[in-house]
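Have a look at this one before I ask anything.
Labels run A, B, C, D and E following the written order; every chain starts at residue 1.
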Amino acid sequence: MAYFSKHYHSPGTAPGTLISTSPTAGPASIHLIDYTEDSVEEERLATPRECQAYLERNTKTWIQVNGPVNVDTLRTLGDMFNLHDLALEDVLNSGQRPKLELYDDQLFIIAAMPVFQGNALEIVQISLFVGKNYLICLCPLEEDPFEPIRKRMLNPSNKRFASREIDYLLYALLDLITDSAFPVLETFGDKLEDMELELLEQPRKQTLSDIHRLKRELLLLRRVLWPQRELLTTLMRVEDPLINPDTLIYYRDCHDHSVQIIELLESFRDMATGMLDIYLSSISQRTNETMRVLTIIATIFIPLTFIVGVYGMNFQNPDSPWAMPELSWYYGYPMVWGLMIAITAGLVWFFKRRGWL
Amino acid sequence: MAYFSKHYHSPGTAPGTLISTSPTAGPASIHLIDYTEDSVEEERLATPRECQAYLERNTKTWIQVNGPVNVDTLRTLGDMFNLHDLALEDVLNSGQRPKLELYDDQLFIIAAMPVFQGNALEIVQISLFVGKNYLICLCPLEEDPFEPIRKRMLNPSNKRFASREIDYLLYALLDLITDSAFPVLETFGDKLEDMELELLEQPRKQTLSDIHRLKRELLLLRRVLWPQRELLTTLMRVEDPLINPDTLIYYRDCHDHSVQIIELLESFRDMATGMLDIYLSSISQRTNETMRVLTIIATIFIPLTFIVGVYGMNFQNPDSPWAMPELSWYYGYPMVWGLMIAITAGLVWFFKRRGWL
Amino acid sequence: MAYFSKHYHSPGTAPGTLISTSPTAGPASIHLIDYTEDSVEEERLATPRECQAYLERNTKTWIQVNGPVNVDTLRTLGDMFNLHDLALEDVLNSGQRPKLELYDDQLFIIAAMPVFQGNALEIVQISLFVGKNYLICLCPLEEDPFEPIRKRMLNPSNKRFASREIDYLLYALLDLITDSAFPVLETFGDKLEDMELELLEQPRKQTLSDIHRLKRELLLLRRVLWPQRELLTTLMRVEDPLINPDTLIYYRDCHDHSVQIIELLESFRDMATGMLDIYLSSISQRTNETMRVLTIIATIFIPLTFIVGVYGMNFQNPDSPWAMPELSWYYGYPMVWGLMIAITAGLVWFFKRRGWL
Amino acid sequence: MAYFSKHYHSPGTAPGTLISTSPTAGPASIHLIDYTEDSVEEERLATPRECQAYLERNTKTWIQVNGPVNVDTLRTLGDMFNLHDLALEDVLNSGQRPKLELYDDQLFIIAAMPVFQGNALEIVQISLFVGKNYLICLCPLEEDPFEPIRKRMLNPSNKRFASREIDYLLYALLDLITDSAFPVLETFGDKLEDMELELLEQPRKQTLSDIHRLKRELLLLRRVLWPQRELLTTLMRVEDPLINPDTLIYYRDCHDHSVQIIELLESFRDMATGMLDIYLSSISQRTNETMRVLTIIATIFIPLTFIVGVYGMNFQNPDSPWAMPELSWYYGYPMVWGLMIAITAGLVWFFKRRGWL
Amino acid sequence: MAYFSKHYHSPGTAPGTLISTSPTAGPASIHLIDYTEDSVEEERLATPRECQAYLERNTKTWIQVNGPVNVDTLRTLGDMFNLHDLALEDVLNSGQRPKLELYDDQLFIIAAMPVFQGNALEIVQISLFVGKNYLICLCPLEEDPFEPIRKRMLNPSNKRFASREIDYLLYALLDLITDSAFPVLETFGDKLEDMELELLEQPRKQTLSDIHRLKRELLLLRRVLWPQRELLTTLMRVEDPLINPDTLIYYRDCHDHSVQIIELLESFRDMATGMLDIYLSSISQRTNETMRVLTIIATIFIPLTFIVGVYGMNFQNPDSPWAMPELSWYYGYPMVWGLMIAITAGLVWFFKRRGWL
């Protein structure tokens, strides 16, 4: 998770220049669903050219392009569907902020889907082109995240997709993208709870970098989720023939989820910031405790040692049995060593129990 | 009180899917009040089907569903009253943010009622469907919080409900929900005062987690009360035939309370944040005091001990009565031990009084 | 000054319920001024019923009700002047936020007047009802704060009140209420200056709770002054027959003062927050100094004591006059004690001067 | 620079009451410039009455009143030019926030000019009344800050003032007032740079109060510059016959400067706040270093001293030349003293170099 | 990088006064491109006068002035192209905030281009005048940053510039200026990552000033990039005949980049602020560790030393072989010295490994 993860062309490059940014970009796998009110057809295409056939039919077509896409594929799609150069550039230069562009008879949408890759948060850029009877969705992941929607479409008992325009499919995709923030936030919530417990009981040095890392990930998430919410607001209010009034209630629901996600995120950020304060307070508290132990022990022994020093303990009255008889004992010296070893062991045990050693 | 407490479906689930989220969801108990200008009738129904009879009459009907509701009950109600799938999904997936949805001839409202369950703050989601002559209110609590309103309705001398439309009943419910934040905030105010006293006098380690907990609860409260205020603002301004102009003054009063609640909440958050600073300052102050004690004692005794060390206290002039006569005393050695024990006891007593031991 | 100081009815209470919240509420003393263009009449009434006579005359009437008012008085006034139940409830439930309610031919205003009661800040709620030719002002204080205005009215050379409508009287009252924040802020300014001086020179433990208390009072003040400013803005812009265009310039002046007050308040809050930082920095600075003294003294004496320890100072060459001759002196031992007592006294004096003891 | 520096009348005073607030208020010196397209005339007047003559002529007149003005002068001017009572009150009660009041055929402007009086920042209130063919400018400073403008007007080759309406003169004055913040900010910038250098290299106790003082001055400046910017925005957009469209481009330029000033100011505040954090960090860092020195020295010598203590260094083998021969040397004792004095001197030198003494 | 880097005239200077602010200002080098739909011509001019010829032709002309420009050149250009005095003043007084001025048939734009000069961030002010068929661009750098655009124009296969109006050239320049923030932010991102690593592993004193410096540079960048974004927003929405609707999509893209840059910048500022907290926490953590080591060692040895002191280790029983036989050994004394040197060396090694020495 780098601080600066955006791809950009060197300043002064002509607009619409396409340069592949992914080393593994290939011809990409295309998964197509062609549907009308009465039938659904599923197809896997080898080259983008094959879409042409579906374009001419009077059906609705969902063209799903999975995996990093290369410049050729993109240019072919661009020519076939009349996609704008600047939009294609945005598809390749990942790290864009979510946005909605209205072209004459096309919508271009960039959305951001947060996923956990192993233990690290990653933001996947989903690019969507919506026309009157087609929807092109480009996703750089090899594994298709939209499989659950395809299953619902292919389910013969589900007539919702068939009976509605392409904007309902767009809603279904955006809803999945939006909702994918919920499991991510759930994970962050769990992390916060673990960290909180640790902080209040036994803060470790590692905790500091854990909090820092969490704050960075929340910041990263925030940078894409706010514009995504804005995008959904625009979509709800846009007056475009591609968006039908009867789908609006669904977009409203999706927007509502987006607002909830943002609010959760902001409160998580608040809590993470609060945790840093608690960490600092905890350490101050512990320093104070350490100081107190030192002060107590030193304060007790310093005057004693002074007194002992004064008398050099040379009590010399040979008549008195009270004049340091220990010094004349046979095992006096080893006994003193024994006493000292016992004290040392006791203190070491005490510090271990306190977690200081 | 978990960080992430929202119920959600796995991303990609079809919109309007109903899955029961409460393990104890049952058929729920329905408490119905049917009233006209002249009569009030109270009924407890065993199944939602029984509402049908009241629906057909030319009366106003309040259907109160208490306790966690199961999917069947909800679906029956949904069919009978023509409730939208997305709304029903929101009823089940608790943890929604308060909102108002306008359907053709129906209002759907989600409100949040803060209550203390034992010592922990909980946010109860109240779902309300309002039609021309019915109001359905779903509350997951077993015990009905709206009993005071029912008592007012059943009081024969009270003509307010009878003489007004269903929107006055809606106001009464929302007013109760809104005002239920006052006792909660009063409790928080008391906690803040206790904590403040403790902080300025004798901060304990526990205080830190108390402040943290309070901040979390205030954050949780804030997350629902802001949208609730927004909901009341919308309700005041909405142009819907279900809301009559002469009830507006009541909605305004309710909104006014909501604003007061928000302002109290925000100032409580400010104070709670300020308390953390004071905690930190107090600890720094105490560390400084501890340091001072140590420095004073050490600074006084270190040079003395040095001097004592220099002379080894071997004053040898046998003619001088001033040359450490104590060393020759009969009880010299035990007296020194007595002195040292006395000093130790004195210091221990001193530390105890300071609260250091 | 409690954190939660609002009076509220238990949730679910019928709107407009009147319950006296002040234990000392009595029938209240009414101070009435009845004036026309030509004459001014001053009267003290025993019961609210007596207002009736003035209501019927074609004059302007100012009804000032001082002291905590009981439910009966309020209900009588409510019936006579047709005051709304919700407004009357707000009069009794003190701790409201300032607001303006527009009724058909009446304005209802709640304003907040900050005063110092002894050393503690208090917010007094002033309730105002304005009709075509009357103004009712309810103030819970026993002593009438509006005496200066009454004096101006009764001054025969002052024609301003006589020649203008009732809205000029309303302005005069609101202007006094608004301006009463100036002396309060002046007091806060003085406190801030004292605290600042103390902080930069000799921070005491007490300073921390002083800053905290000041911040709380500023927060309390802020909670009422912001809505008060809003109220004045609304009053300036409202299109109501009760407010004449030629009084607008006065309302604008009053609003202008309100803005100045808010800005002063906000900058005071900024400074108070900054002072906490300085307090923390000061303590850190002092801890550092304490540490330095300890380190210097310990670092100098520790190696010396070590050397002294090595030789046990048993210089034994009997031929050398340099071999610790002090040990053989007649007054050697008392002289060493004298030296040590002198050092101790010197250090105690040094610490006293530094303020450490 | 007091926290509360506003003059105000006691609450309840009649609006428009004029009370002189400056002890040195005199009849003030009036500097008048009367100009038409063809001629410029400069005059110094003894009394405000003398303006009357110019008022009746068909010329443009700039009446500059310097020094604290007394109530009489103000009232005379007020009668002559028909100035509003509330405006005159604002002129006397200095410490107003910048504002623009639109009267029927007059503009009343209060502007704030920051100047350094010696080392302290002061905000000078400039009051401006603009009519169709006159501009009255009241400035409490004895020395006229607008001399550069007068020089430009009297310069015969400069036709700009002559060929334009009075609003161009107003622009020239406001431009000078606005730009006078630049040298002030430059001074603050220099102070910030000095402080930063000091902070990162050798923070002193004084630095803390320097930062605090700077923050206060920036806050003071901010309190007047924001409303001043607002005033310029209003002036740019106001539709008043006194402001001609062709002067707008100049007002826009002036507004632009104002925006730059605000942005500089805000970034200075940011930096000043950041410096406090750095101060705190520096002290923590130094405490840590001090601690380290103490810990190292103590940790090394404590075990050594212990060992030395164990053996009392009474090596007694008379046959061994290795048994502490130093003790028998002739100059043994003075040599040890010499060694100790050398160590002490070395350490004192070391601490001096570190800046600890 | 000074805190205050703006050039300004002394307050009261006549508007439009031109004073050269750069000591190296010369006649500047002019690089001209004259193009129509069919041809492109490139020219380097010695004096601004030579532009005259191109102005009269019916072609589009790009006049690029590189290097600090002197007053004469500017005045010549101003006369020739009818540029406003206030605009020319802004060109010379560098340090302006980005803005757009609309004149009758001209646009005047000030833009800010961030570049790294060596290791220090610098903001270069680019001034642009756009007329119907010319664009004048003044850049104080000696080296022309717009070379990539010139290359694209001179490339015969590129017809975009030729086929469009002058506003496309303006877009190309603004796009380059905007995008030049990307490499700058990338550098900052790298610095942040390095600093973060250092902070969490081994914070040095230098780190503090590094963070401070970074924050200052981000603040400086922010001060110009926000108004630059605003400028692009205005340009997108302005209704001016110079901006054609079909270029709008390009301006939108450029604006989009600007928004991304701002968001990156703001999140970088957030992270930099967070790093200061971590630095403080790290130091507190280390102080605590140092304290712990000291406390452990002191606490163990202090009681031991006390015991050793008590007995003075004068075990005197001559019959016991256990009575400190070490004292009689032949090499006893040197062996003790050896032991002490070994302990010292061990501790020094230990502290070195911990990074304390």
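Throughout what follows, a contact is a pair of C-beta atoms (placed from the backbone, for glycine too) under 8 Å apart; a residue touches a chain by one contact, two chains touch by 3 or more.
If you want to know which protein each chain is, UniProt gives these names: A, B, C, D, E = Magnesium transport protein CorA.
If you're wondering where the values come from, they're calculated on a predicted model, not measured in any experiment.
Undergrad: Please report how far chain B has to rotate so that its Cα atoms sit on those of chain E, a copy of the same sequence, as a value between 0 and 180° in steps of 5.
TA: 145
Undergrad: On a C-alpha centroid basis, what's the spacing between chain D and chain E, in Å?
TA: 28
Undergrad: Roughly how many whole angstrom separate the Cα centroids of chain A and chain D?
TA: Centre-to-centre distance between chain A and chain D: 45 Å.
Undergrad: Using the touch rule from the top of the page, what residues of chain E touch 2 or more other chains?
TA: 280, 284, 287, 291, 294, 298, 302, 304-305, 308-309, 312-314, 324
Undergrad: Treating touching as the only link between chains, describe the layout with one word: line, ring, star, complete or other.
TA: ring
Undergrad: Name the chains in ring order, counting from chain C in the direction that reaches chain D next.
TA: One full turn from chain C through chain D gives C, D, E, A, B.
Undergrad: Per the contact definition, I'd like the list of chain A residues that touch chain B in the complex.
TA: Where chain A meets chain B, its residues are 146-149, 152, 158, 160, 175-176, 179-180, 182-183, 185-186, 188-190, 192-193, 196, 200, 249-250, 252-253, 256, 259-260, 263-264, 267-268, 270-271, 274, 277-278, 280-282, 284-285, 287-288, 291-292, 294-296, 298-300, 302-317, 319-320, 322-324.
Undergrad: Please output the residues of chain A touching chain E within their complex, sorted ascending.
TA: My answer: residues 2-4, 6, 8-15, 84, 86, 96-97, 99, 101, 205, 208-209, 212, 215-216, 219-220, 222-223, 276, 279-280, 283-284, 286-287, 290-291, 293-294, 297-298, 301-302, 304-305, 308-309, 312-314, 324, 326-334, 336, 339-340, 343-344, 347-348, 351, 356-357.
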